[in-house]
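Chain IDs A, B, C, D and E follow the sequence of writing; residue 1 opens each chain.
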Amino acid sequence: MLSFIKRVSKKTGLPPGSLIHVGEKKTEDVRIRVIDYDENEISERELASPDECLSYKDKNSVTWINIDGLHDVSVIRKMGDIFGLHPLVLEDIVNTGHRPKMDDFEDYIFITGSMLFYKEEAAEIVSEQFSLILGSNYVISFQEIEGDVFEPVRERLRKGKGRIRKRGPDYLAYSLMDAIVDGYFIVLEKMGEDIESLEEELMSDPKTETLNKIHYLKRELISLRKSVWPLREVISLLSRGETDLIKENTVIFIRDVYDHTIQVIDTIETYRDMVSGMLDVYLSSISNRMNEVMKVLTVIATIFIPLTFIAGIYGMNFKYMPELEWHWGYHLALSGMFVIGVIMYAWFRRKRFL
Amino acid sequence: MLSFIKRVSKKTGLPPGSLIHVGEKKTEDVRIRVIDYDENEISERELASPDECLSYKDKNSVTWINIDGLHDVSVIRKMGDIFGLHPLVLEDIVNTGHRPKMDDFEDYIFITGSMLFYKEEAAEIVSEQFSLILGSNYVISFQEIEGDVFEPVRERLRKGKGRIRKRGPDYLAYSLMDAIVDGYFIVLEKMGEDIESLEEELMSDPKTETLNKIHYLKRELISLRKSVWPLREVISLLSRGETDLIKENTVIFIRDVYDHTIQVIDTIETYRDMVSGMLDVYLSSISNRMNEVMKVLTVIATIFIPLTFIAGIYGMNFKYMPELEWHWGYHLALSGMFVIGVIMYAWFRRKRFL
Amino acid sequence: MLSFIKRVSKKTGLPPGSLIHVGEKKTEDVRIRVIDYDENEISERELASPDECLSYKDKNSVTWINIDGLHDVSVIRKMGDIFGLHPLVLEDIVNTGHRPKMDDFEDYIFITGSMLFYKEEAAEIVSEQFSLILGSNYVISFQEIEGDVFEPVRERLRKGKGRIRKRGPDYLAYSLMDAIVDGYFIVLEKMGEDIESLEEELMSDPKTETLNKIHYLKRELISLRKSVWPLREVISLLSRGETDLIKENTVIFIRDVYDHTIQVIDTIETYRDMVSGMLDVYLSSISNRMNEVMKVLTVIATIFIPLTFIAGIYGMNFKYMPELEWHWGYHLALSGMFVIGVIMYAWFRRKRFL
Amino acid sequence: MLSFIKRVSKKTGLPPGSLIHVGEKKTEDVRIRVIDYDENEISERELASPDECLSYKDKNSVTWINIDGLHDVSVIRKMGDIFGLHPLVLEDIVNTGHRPKMDDFEDYIFITGSMLFYKEEAAEIVSEQFSLILGSNYVISFQEIEGDVFEPVRERLRKGKGRIRKRGPDYLAYSLMDAIVDGYFIVLEKMGEDIESLEEELMSDPKTETLNKIHYLKRELISLRKSVWPLREVISLLSRGETDLIKENTVIFIRDVYDHTIQVIDTIETYRDMVSGMLDVYLSSISNRMNEVMKVLTVIATIFIPLTFIAGIYGMNFKYMPELEWHWGYHLALSGMFVIGVIMYAWFRRKRFL
Amino acid sequence: MLSFIKRVSKKTGLPPGSLIHVGEKKTEDVRIRVIDYDENEISERELASPDECLSYKDKNSVTWINIDGLHDVSVIRKMGDIFGLHPLVLEDIVNTGHRPKMDDFEDYIFITGSMLFYKEEAAEIVSEQFSLILGSNYVISFQEIEGDVFEPVRERLRKGKGRIRKRGPDYLAYSLMDAIVDGYFIVLEKMGEDIESLEEELMSDPKTETLNKIHYLKRELISLRKSVWPLREVISLLSRGETDLIKENTVIFIRDVYDHTIQVIDTIETYRDMVSGMLDVYLSSISNRMNEVMKVLTVIATIFIPLTFIAGIYGMNFKYMPELEWHWGYHLALSGMFVIGVIMYAWFRRKRFL
C-alpha cells in the first residue's frame, strides 16, 4: 500500500486519466494473448500489436484477450481506444496497488483487485494486480507479470471440459474470478502450514525469533485482509445480477465465488485469532519462564544469606566467645548451618516457592 | 476450517461442480435409509442403490432419504440426477467443512451446516457436516458418518407422536434442524461443566496446565461461534417464510428454532466472557503469587544483610577495637543483632511489606 | 443461562410443545389469583382450579389472572386450552431461563422475560421468569414463585387511583411491564451502592478480596445486561403499536417504559465502565505498592552491600595492613562506613529512588 | 446517573404521571419570567403565579416563559393544565437526571437534556436539567436553578439584534438550543486546558496524583459523552423538519446546531484518545523509571558481591596462605579488587546494562 | 480541534451568522485572484476589491475566484452579498478548524474541509482550512494563507491541457477536490517514510525517544483520520449526483476522488496498525532487554553468594578447625570454590537461565 501511495504522489498535478505507468516494471515484454472460442471452435494466438484486437471486437465468438505487462502505456491506451474504455479505467489499470473495485459502465464492467499465487520454484508468494474488462462478447484481462492462476481456465477452454465453452463471456469472467479466489485458498493453506509449524515451535522451544515470526504473520494477515474485504464487496455487487452483461444462469456461480470469498475472510479471521492467541501464549510463557528463573535464583540467595550471617558471627574477633573454644564448636556450627539450610529449603518447598 | 482450506486448494483448477470428495473418508459403506410416511402409514427401508429412490420421487407421501457417507461420489451424483439438483449443490455436499449456508432453488431448498453430538461411549464431541434438501414431498439428508442427532425424530415418526406424521416435509425438515440445534445445547452443557470444573481448579490450585485448558476452551468456543453465526442467518432466512416450500404454520416452529439458535449464541458469548474472565483471574493470581514469593524472599534477605554487616565489623582485624576486649562484648553484639532483626521485622510488618 | 442450557438438553428428543417443567420447583402450591375490574367495580378472588377461568373469558370487564408456580404442568396446559394458546407459548412459559421475547399471535400477545426484585428481609436479589399474555379483555401473568413487583399495581387497582381502572387490559399490561422495569431500577440502585462502597474500600485499603468482589460485580453486570438487551427489543416492538391489542393512547406510555429500559441499559454500561476502571485502578495500585516495597528493600540491601565489603576488607588476614595498626583505625573505618552510608542514602534520595 | 436511579427507585409503585419532585431542591423560590415580543415590541415581566400565563396563551406575539426551580410541583401541574401538556411530559420535567429526549405531540414539542455551564466565581462546572416546550406561539423553558446560558439570548431579544425578533418561537427554541450547545463548548475548552496542563505535568514530573487526575478526567469524559450522544439524536430529529412547528427556514439553523453537536462529540472522542494516550504514557514511564532504579541498584550490588567474596577469601584463617605473608599482599588485593570493579563496571556499560 | 473549541467559545453569545474571524491571522493581505475561461479564451487577474467580482457573476464563461486570507471579514461579507450566500455559510468560512462538511443550497453548493500540503523549503506539513462555493457558472475558493495545492490546476487551465477548459465549473470544483486529496497522498508518503525510518531505528537501537516518536505519529494519525473521515462523507454525498450543479459526466470523476479518499483512509488504518504493532514490539523488546539484564545480574550474584559463604566458614575463629591446619587447605578451598562456581554456571546454562 505504501508503494501505491508513493506512486500516486509522483503523479500529483497531472490531469485525471493521464496514463503514466508508475508501478515497478516487472516484465520486459508486453505480451498479448488471445483465445477466441465458441462451442465448436477455439483458436489461440499471440498478437504482435494491440491493433489486431480490432478484428475480434465484433465477432460473435467469445474473445479473451490477456495482456501481461503494464509498463508500455501506449498498448493500454490503444486497447482503450479500440474498446471504448473510459480514461479513468485505463488510469486504474496502470496504477498498480489500487484498492479492489468494480465499476459498471453499461457496455462493459471493470473489475480490479489483487491476485496471489504461490511460485513453487521460488517458494514465495507473488502478488500482482489484475484488471478485468467484461464486455458483451469479450473479456480483457490485464496483469503485471507473466505467470498467473489462469492456466487451469485455459486448459478447460482448450479441452472443452465442463460448461465453459458453451457459455458466454460472463461465465469466462466468473471462471477467472474463481481462479483468483482459489489462488487465495492456496496462499492461505501455505500460511496455515506456517501457523502450525510456528505453534509447534512455540510449544517446544520459544525464542525471540519466534516472536518476530508471529509479528510477521500478523502483519501479513492484516494486509491480506485489507485486500480481500473490498474484493468481497466487488463480488457481492456482481452477484446481485443488476447488469445485463451477466446472465441469470451465471449469477448462481458468482454467488458460489462469493461464498468462497466469505470463507477466505472467515479463515483469515480465524488465523488472526490463532496468531493473537499465539502471541498471548508466547508472552505469558516467556514471562512465566523469567519468573521461574528469578524465583530459583532468589531462593538460592535467600538460603545462603542467613548461613553466611552465621559464618560472619563466628568470624568476629571478640576476646570472649565461648563457642570458639569448644572442641566440637566448628562441627556444631557446620551442622547447625546445614540443618538451617535444609529447614529453609523444606519450608520453601512446602510453601510452593520452588 | 484449516482442513477445508487444504481440501479446496487440492481441487484448484477443476471446473466448478466437479464432484471429488476431498474430506476424510469417515465411514466404510454408504448407507441409504428411507422413511416414507403419511398420517396413517409408515415404512422404513434401507436401499441398496440410489436408483431405488426414483420410485419415491412422485409419491404423495413424505419421503425422508438419509445418506450416511459422502466419499462415494457416484451415489451423490446419482441423487443429483434423480432429484434435479444443481451441480454446485452437489459440490457443496461433498466438500465437507463448508460454511453453513442456505440456497433457495425454487423447487427445492438446500441447507448445509455442521452437526455436533456428544458420543457418550468415547466421551468426545463429534462434529460432522450435514446437508438437507427440502423438496415438495421429500427431504434428503446427507451426513459424513453414521450416528447422528436424528434418532429422536425417527422415534417420533415411528410412534406417530405429536404433529410430525400429520405435517409435510417442511415440518420434517424443521424437526431435523431442531434436533441439530438441540445437539448444540448438549455440547454447550458439556462445555459448561468443563468451565465449572476449570473454575474450581482455578480457585483451589491454578497450574500451568490450567492455563492450557483455558486457552483450549477459548479456541473451541471461537470455532463453535464461527459455525453457529452463519447457521443463525440460515435459519433466519428460512423463518421469513419467503418460499412456498415452507408452509405458513411451520414458520412459527422455525422461528422457535431461531430463538434457540440465538440462545446458543448468547450462551457462547457468555462462556467467552467467562473464559476471558478466568484468564484474567489466572494471570493476576499467578502474578500475585509470584510477587508474594519475591517479597518474602527479599524481606528475608533484607533483614539479614545489615546483621551480616555488623558481624563483618567485629570480624575486622584492627589492633584497637575496644568492644572486642569487653567481657560481654560478644553477647552484647548478638543481642544487638537480635534486637535489630526484630525491629526490622516489626517495621516491615507495620508497613505491610509482609 | 447455564441452568437453562442444562434444562433444554434434558428435554432433547421430545416433540416441540412438550410440556415438561424443567426448572427448579420453587414453590409448593400453584396459586391462581384473579382480579376482575371495570371503571366502577372490582372483585378479587383466588381460584381453586384453572377451569374457573372460563367464566372470565367472555366478560366485558378486564380480567387479570396471575399464576404463581409453574411446576404443575396440567394447570398451564388447562390455561392454554381455555385461552387457545399455541403449544410453543406454553413450552416457553414453563421453560424458565428463556431469553426475553415477544410473539404476536393476532388474538393475543405473548411476552416473556426476567423479573428482578430485592427481598428486603433476606437482603438478596431474587430473579425469576415472568410471562404475560395480553388478550382482548384479559391479561394472564405467570411467575415461578409468589412475591413479586406487581403489588403496587394491585394497590392502584384496588384504590382506583389514576387511569388504571378506566383503561383496558393493554394499560394493565403496560403497568405490569412498568413495574418490572422499576424493579430493575431498584436492583441497580443496590448495585450502585455496592459499587460506591467498593470504591471506598479500593481507595482506603485494597485487598485480594476486593478484586474478587470487583470480578463478581463485573460478571453480575454482564448477566444483567444479557437479560435487559432483549427486553429492550421486546418493548421497542410493543411501542411501535403495530397490533390492535394495544390502543393508540397506551402506546405513549409504553414508549415511556422503553425510555426507562434505555436508561437501565445506560446505567449498566456506566457501571461496567466504572467497574472496569476500578479493576485498572486496583491492578495498578497493587503493582505500584509491590514496586514500592521492592524498591525500599533493594535500596536497603544496596546501601549495606558496599559497607559489608569494607568490613570484609579489614577482616582480611594480611600480615602487613598498615591501617590495622593505627590507633584510630577502627574508629576511622566506622566513620568512613557511616559517611558512605549517608552519602548513598542522600544520593538515592536526590535521584528519587526512595 | 446514579442519583437518577435512586430517585426513580423512590417513586416505584406510584402511577405513571405522578408529579413528585425527586431531585435535589436546588433553589428556594420558583421564579416565572416572561418575555413577550414581536418584531416591534418587547415586554419583560416576572409572574407571581402560573395562572397569569393564561393571558399569553392566545396572543399573537411570541411568548417565552422561563421557570427556575422544579421543586414546587403545583406550579408545574398548573402549567401543564394551562398549556395542555401530557402527564408523562410533566413527570419527565420534574424527574431531573433524565436521558436527553424529544417527543413530538402534534401541538407542541417536548425537549429535555442537560445544560452545562461554567460558573466563573466558583470555578466549577454546573450541570442542570433543562426542558423546552415549543408551541405554536410560545416557548416554555424549565430549569432546576437560576443562572443559565440563556442570558445572551435575552440580550439579543432586548436589543432586537439579528433575526431573532422577526422570527417565530421555533427560532427562539433554536436560539436556546444553540446557547446550550455553546455551553458545552465552554466546558470542553475548560477540560482542554486541564488536559494540556496535565500533559505538561506528565512530561515534567509524573506523580500518583497525576494518575488520579487522569482517571478523573477519563470518567468525566465518559459521563459527558453519555449526555451528548442522545442530545445529538434529539437535534437530528428536530433538523429533519418533520413537524409543522418548525418552519422551513429555521431548519438550516438547527442543522447548524447539529453540526456543532457533532463537533462536540468529535472533540470528546479526541479528548478520550488523548487521555487514554496519557494513561499509557504514564504507566510506561512509571514502569520504565522503576526498571531503571532496579537496574542501577542491582548493578551496584552485582559489582560489590564478587569483591566481598575476594575479601572473604583473604579473611579465611588457613595456616598456610602464602599471599598473606607477602609484603604488598594487601595492596595487591586492594588493587585487584579495584581493577575487577572497574572491569565489571566497564563491561556493564558496554553491554548497556547501565 | 482544541483551537477550534477555544475560538467557538469566544464567540458565544453572538447571534448566529455573526462574522468575526476567530482564527489565527495567518497572512497580511487578502488576495483575490480571478481566472476566467472558456474553451477558447482565458484571462487571469488580481482584483483590488471584492466588488469587481460582480462583473463575473452573470458571464457565460467559467469564473474561478480564489481568496487567500480570511481575517478581513468585510471581504467575506461582500462576497456573500454579491453571490447571495447564506449567513451561516459565511460564518463557516471564517471559522477555521471546522469539521469537513457539505451543504447543498439549490443555487450553490458549499464544501469545507482541511487541505494539507508539504512545504519543501520548511520541511513541514502545513494544514489550513479551505472552502469551496460551486455555483452555476463560478467556483469560489477560500483559503487561510497563500500557497496551496491548486497550482497544478492553474497550470492545466493556462495550458488548456486535458478536458478542464472544455468543461464547466463542476469539473473545476472536482479538479480542486482532486488536488486536495492528492495533497493527502503526499503527506501520507512523508509519514510512510517516517514510519519506515522509525522501524529501522526500532530494530537497530530502540531508545526512549523512539517511544516518543511512536506516540507522536500515533496522535498525528488519529488527527489525520478525524479530518479525512468526514471528508469521505462529503465526497460521497457529491458523488451521488443528486444536485443539478454537478453534471452527469462529472460524477464519474468525483467517484474517482471518492475511491482515492477511501484509499487514503485505508492507508491511515494500515499505518495505525503498523504504529500499534511498533508500540507492542518496542514495549516487549524493552521488557525483554530489562529481563535479560536482571537475569544476568541475578545469576552473577547467585553464583558468588555460596562462594562467599564458604569463605565465611573458613573465616570463623573456632579453635579446632582441622582444615585450617592442612598444608594444602587454602588451595583446596580455592579449588573447591572454583569447582562449585563452574558447576553452578554449567547448571544455569543447561537450565537455560543464561
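Following the convention adopted for this analysis, a contact is a pair of C-beta atoms (placed from the backbone, for glycine too) under 8 Å apart; a residue touches a chain by one contact, two chains touch by 3 or more.
All values reported here derive from a predicted model rather than from experimental measurement.
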Chain hops separating chain D from chain B, counting only touching neighbours: 2
Residue-number overlap at the chain C/chain D interface, same or different (half cut): different
Rounded Å distance, chain D centre to chain E centre (Cα mean): 27
Between chain A and chain D, centroid-to-centroid distance (C-alpha), Å: 44
Contacts with two or more other chains, residues of chain A listed in rising order: 294, 298, 301, 305, 308, 312, 315-317, 321
Category of the chain touch graph - line, ring, star, complete, other: ring
Running round the ring (origin chain A, first step to chain B), the chains in order: A, B, C, D, E
For the chain A and chain E complex, residues of the former touching the latter: 1-2, 4-6, 8-9, 11-18, 86, 88, 98-99, 101, 103, 208, 211, 215, 218-219, 222-223, 226, 283, 286, 290, 293-294, 296-298, 300-301, 304-305, 307-308, 311-312, 314-317, 321, 323-330, 333-334, 337
In the complex with chain D, residue positions of chain C that touch it: 151-152, 155-156, 161-164, 175, 178-179, 182-183, 185-186, 188-189, 192, 196, 252-253, 255-256, 259-260, 262-263, 266-267, 269-270, 273-274, 277, 280-281, 284, 288, 291, 294-295, 298-299, 301-302, 305-306, 308-309, 312-313, 315-321, 353
